[in-house]
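All remarks here apply to the structure that follows.
Read from first to last, the chains carry the letters A, B, C and D; within each, the first residue is number 1.
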Amino acid sequence: MSDRLTVDQTKAALVAAADAIIASTERLTKADQAIGDGDHGLGMARGMKAAKEALDKKPAATVGDLFKTVGMAIVSTSGGASGAVFGTLFTGAGKVLAADTLDAEGFATALAEGQKAVQARGKAEPGHKTMLDALAPAADAARAHAGAGLPVAARAAAKAAEEGAERTKDMVAQFGRARTLGDRALGHPDPGAISVTIILDAFASTIEG
Amino acid sequence: MTKVQKIINDPENIVAEVIDGLVLASHGRLRKLEDAPALLRTDIEPGKVALLVGGGSGHEPMYSAYVGRGLADASVCGNIFASPPPNHIHAATVAASQGKGVLYVYGNYAGDVMNFDMAAEMAAEDGIEVRTVLVNDDVATDKPEDRRGIGGAFYIVKIAGAACAEAKSLDEAEAVVRKAQASTRTIGVAVRAGSLPETGEPTFELGEGEIEIGLGVHGEPGVERSALMPADELTEKMIDRLVNDLPFRRGDRVAMLLNNLGATTQMELLIVNRKARQILGEKGIEVARTDIGAYFTSQEMAGFSITLIRLDDELERLIEAPCESLPFTHR
Amino acid sequence: MTKVQKIINDPENIVAEVIDGLVLASHGRLRKLEDAPALLRTDIEPGKVALLVGGGSGHEPMYSAYVGRGLADASVCGNIFASPPPNHIHAATVAASQGKGVLYVYGNYAGDVMNFDMAAEMAAEDGIEVRTVLVNDDVATDKPEDRRGIGGAFYIVKIAGAACAEAKSLDEAEAVVRKAQASTRTIGVAVRAGSLPETGEPTFELGEGEIEIGLGVHGEPGVERSALMPADELTEKMIDRLVNDLPFRRGDRVAMLLNNLGATTQMELLIVNRKARQILGEKGIEVARTDIGAYFTSQEMAGFSITLIRLDDELERLIEAPCESLPFTHR
Amino acid sequence: MSDRLTVDQTKAALVAAADAIIASTERLTKADQAIGDGDHGLGMARGMKAAKEALDKKPAATVGDLFKTVGMAIVSTSGGASGAVFGTLFTGAGKVLAADTLDAEGFATALAEGQKAVQARGKAEPGHKTMLDALAPAADAARAHAGAGLPVAARAAAKAAEEGAERTKDMVAQFGRARTLGDRALGHPDPGAISVTIILDAFASTIEG
C-alpha cells in the first residue's frame, strides 16, 4: 500500500480505471437502456480506450497532467452527456494536481474540484439522479478520511460512491435523457453513477494493491 | 420482438458512410471536414453570419441534410443518438466562421447543451463569437427548460438559414431565430418503436393496439399512453394540446408541418391534414403553408408530429425564402 | 404477424380523405373533380398538351402528389392497389384536356391497361386524342411486355410534365416521353412487407433474416430471395443487374433515384448511395443528379429501389426543369 | 323450369348472381390473397352492389339492356382488372341480346360474345390462368347444350366453368398481377375464374328454381 503515488503509479491506477469501464460496457449499456437511450456503455468505453492511448503517448510532468490527458480524451471521443460530464470531471480534477505525486489530500481536493466543475458544466445538483449522486458522497468521504492516508481515503470514496449509486434507484431523474421518464425511472440506478463507482473502485484497488 | 433488418455495413461506420453518401449526393455543394465528422457548404458566402447545426445522428434528414444554400452552413454529426464532442463542433465552427460570428441551433438535450457550450467556449478563445438558440418545441413536457427539440426544428433551421443569409450581424440573426423559436410548438405520437441500428433492437416497447402521444424522438415518454384511435380523434387531441399551449389564437396565421417519424405513410399524413385543417379552420387559425414529409425521423419509428409556427411577415418571408439541400429544395 | 397500426378513419373513406388532404395541402393549386376521385390543377395553361397520370392508391406520393405546375395536370385515384375505372379516368381526361390531346402515363399492370384503354376509347368518341406511355422500368421480369412500373415512374412523370409544358403537339410530347421510358431501369429490394390498410395484414411474408431482390410494389415476387447481406454487397448486386440490362455504358451520363419503399431510413439510403457512386464511378458512368427519398411507396414496406435513367441534353434539361408539387418543388 | 326468361325473370337471375358474388366476398378475397393482391372480392362485391341498384332503377326494354346495365355498373365501380374484365363480359353479352326474352340460343351466343369481348379487351387467351379458363369452356358447353333448352344449357355452362376454374390450379399465370408469380401460383385457382363459376351457378339455379 503506497500512501503517495508517483506519476507512473497514478498512471497505472488510471489505466486500471479505464480497463474496468471497458470491461463493464455491457452492464452500462443495460443500465442506460433501462432509463436512457442505451449508449452510455459504448460512449464511456470509447472514451476510456482513447484515454489509455493518450496516456501511453503523452509525457506527464505532474499527476495533474495525467488526469487532464484522460479528461481531454474522454471529452473529445465519448460524445453524449457522458463525454462532457466525465471529461469535465477528470479535467477539473487535474487542474488542482500540480505536484508530481498524489496523496490523500490531493485526491480529496481533486474529487471536490471535479465535482464543482461538473456542476458548473451541467447545472445538475446531487439528488437529480445523475453521476453526481455517486461523485458528491465520494468526494465527501475522501475529504473525511484524508487524514487516514490515500488507500483508506480512496476505498472510502469508492464505497460512498457505490452507496450513492444504489440510492439513485429511488430518485426521479432531473437531468439527461432520463429526466422526462418521471416515475418510470424509479427502481433503476443512474448509469453515470455506476460509472463513477466502477472508476473509483478500480482506482482504490490499484492503490491497495 | 423481431429484430429490424437494416441495410448497413459495419455499424461502427454508419456515420462516416452517411457523410460520404451526403457529400456525393450534393454534387459538389457539400464537403466533409478533414478532421471531424462534419459537413460544410463549399460555397459559404464570405462575410456572412454562419449557421451551425447538429446533434446525434440517426434522425436523418435532420440535421446534416439541411446544410445548403439558404440553410445551414455546417452540421456536426454525433454518433447515433449521441451529441458530438466539443472538439468536432469547434473544428466545424472555425471552418464555417466568416468573421461575423456563428449561430448554433440544435435541440435541447443535456448532452448537446454541454458539448456545444464547451465548443462555444473554445471558439471564444479563438475570438469567434457564438450565440445559441435551443430548439425546445415539444409541448409534451411542462417546464420550458425541460422541453425537447423535435419536428419544429425544421422550421427553426429553415428560418435561421434564411436569416443568417441576409443578417447584417449575429445579433440580428439571433433575434429573429429567437422569435421563431418562441412561436413554434410541436406534439408527436408514436404507434410503433424505431430501433437502434447498432443492435436492431427497438428503443422502447408499445403494447399491441397501444399508442403514445407526446413520445420523444429517442423514445422518451410522452403525456398519454392510450389505445389506437381513429385519425380524426387523434388529430383533434393533438391540435387541441398544441393550440392551447402557445396559445394560438383566432386570426393567427401559421405554417403547419406534418412530420413523418419514419414509417408512417403519406396517405395517413394526408388524412390527418384534412382533419387538422378542419379544426384549425373552426378555430379561425389560418394555415398559410403546409409541409408534409419525413423531416426529423427516429429511425423507422411509426408515428408523426404536428408542428405549428405562428407567422408574422418576417417569419413568413424567411420560411418561403429560396434554399437548396438534398431533401428540400425551394427556390 | 402482428397487425400494422394505421392512423386512419373508416377504411372505406381512405381515398376520399387523402384527396381532401392533398387539395388542402396545395393551398389552391389543386382541386378535386366533382364527380370522380381525381385531382386537377386549378391553373392548367390553356392550349397545352395535357398530362394525366394515375393508378391504384396506396403508393403516395405516387401518383396524385405529382400533380402541379411542370408535372401532371390530372391524376385519377383508384382504390388501394386497384386501377381506377374508365369513367373516372374519362371524366378527368375531359376536364384536363385543353384541345391539344392528352398523354396518359401510368404503370404497366393488366387492370390499369384495360381501364385506361377503355377511357381512351371513350375520349376518342368525344374527339379528344389520347396517347399512352406505359411505365415498365422494373428489370426483375425478363419480357419487356411483362415489366412492371415502379420507382422510375418518378423520372418519367417528371420528364413528361416538363415535356407537356413546352410541347407544341401531342406527337412531340409522346416522342420524348417514350425516349425517357426507354432509357429508364429500376431494381427494387424488400426487407419487410407493407400492409393493406383495410386489414392491417402484411401483403406478403418474408422469413426472418430474408430479403427479396426485385420484389414488386404490391409484393409481386422478384428475381432472388436471399439472406440479409451488407449494404455494399446488396448495392453491387443491384447496380450490376441494372447496368447490364439497358445496358448502361462507360461514358453514359445518368440521374439516379434511390427510392424509399416506405420504412427505410434516409441513413440507409445514403450508405447505399456511397457504394452505388463508387461502383458507377469504376464503370465510368457519370451521375449528374441524385434523388433520394420516398417517391413511390408501398405502404410501410421496408426496402428501396435504385433507378438509373440515361440522360441526353434534352432529358437532362427536362428533369431539371422547374416544377411544383407537395413533395417535390424545384424551381 | 322456364325455357325462355322474360325481362323480369332475367333480372331476377342477374340479381341472384350478384347476391352470390356479394356472399362470396371473403372466399374471393382469400383466393386473390394467395396469388394476387387480395382485392378481387372487394372489387367484385362493389361492382355487383352497384349492378343491383342500377337494375332497380333503370328500365329495360330487352334482356340485353339488363346485361348492359350490369356491365356498365361493374366497369364503373369495381376498378382493377376485374372491373374491366367482368364489365366487358356483361356489356359484350348484352350487345347480342336484342329480344325481350332470353332462351338457350341467346344464352349461348351471349356467353360467346362476352368471351370474345373479354379477349379483345385484355389480350389474354384460355390457358393463361384467368377467368377465361372458366368462361371459354362455359361458352362451349352452353353452345353444345343449346338444343336441350335453357335450364340444361345454363347448368352445363356452370358445370363447365367450375371444372375450368379447378383446372387453373395447374396453370402458371400469364396475365394480371399474378403473372409474375411464376411457379408459386401453382396449386391455387384463379380468383376471376371462381367468380365466373359463382355467377353461372347462381344464374342456373334461378332458372332451375
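Keep this in mind: contacts are C-beta pairs under 8 Å (C-beta built on N, C-alpha and C of every residue); 3 or more make two chains touch, one makes a residue touch a chain.
All values reported here derive from a predicted model rather than from experimental measurement.
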Per Cα centroids, the chain farthest from chain D: A
Inter-centroid spacing, chain D versus chain A (mean Cα positions, whole Å): 79
Centroid distance [mean C-alpha coordinates] between chain D and chain B, Å: 56
Whole-Å gap between the CA centroids of chain A and chain B: 33
Contact graph of the chains (line, ring, star, complete, other): line
Chain D contact footprint on chain C (complex, rising order): 56, 78-88, 109-111, 114-115, 117-118, 140-141, 146, 148, 196, 198-199, 203, 216, 218-221
Touching residues (chain side chain D, partner chain C) in the complex: 37-39, 42-43, 75-85, 88, 121-122, 175-177, 179-182, 184
Complex contacts: residues of chain C adjacent to chain B: 2-10, 14, 17-18, 20-22, 24-25, 27, 57-58, 60-61, 65, 189, 191-192, 197, 208-209, 211, 228, 230-232, 234, 262-274, 277, 288-290, 292-294, 297, 299-300, 302, 304, 326-327, 329-331
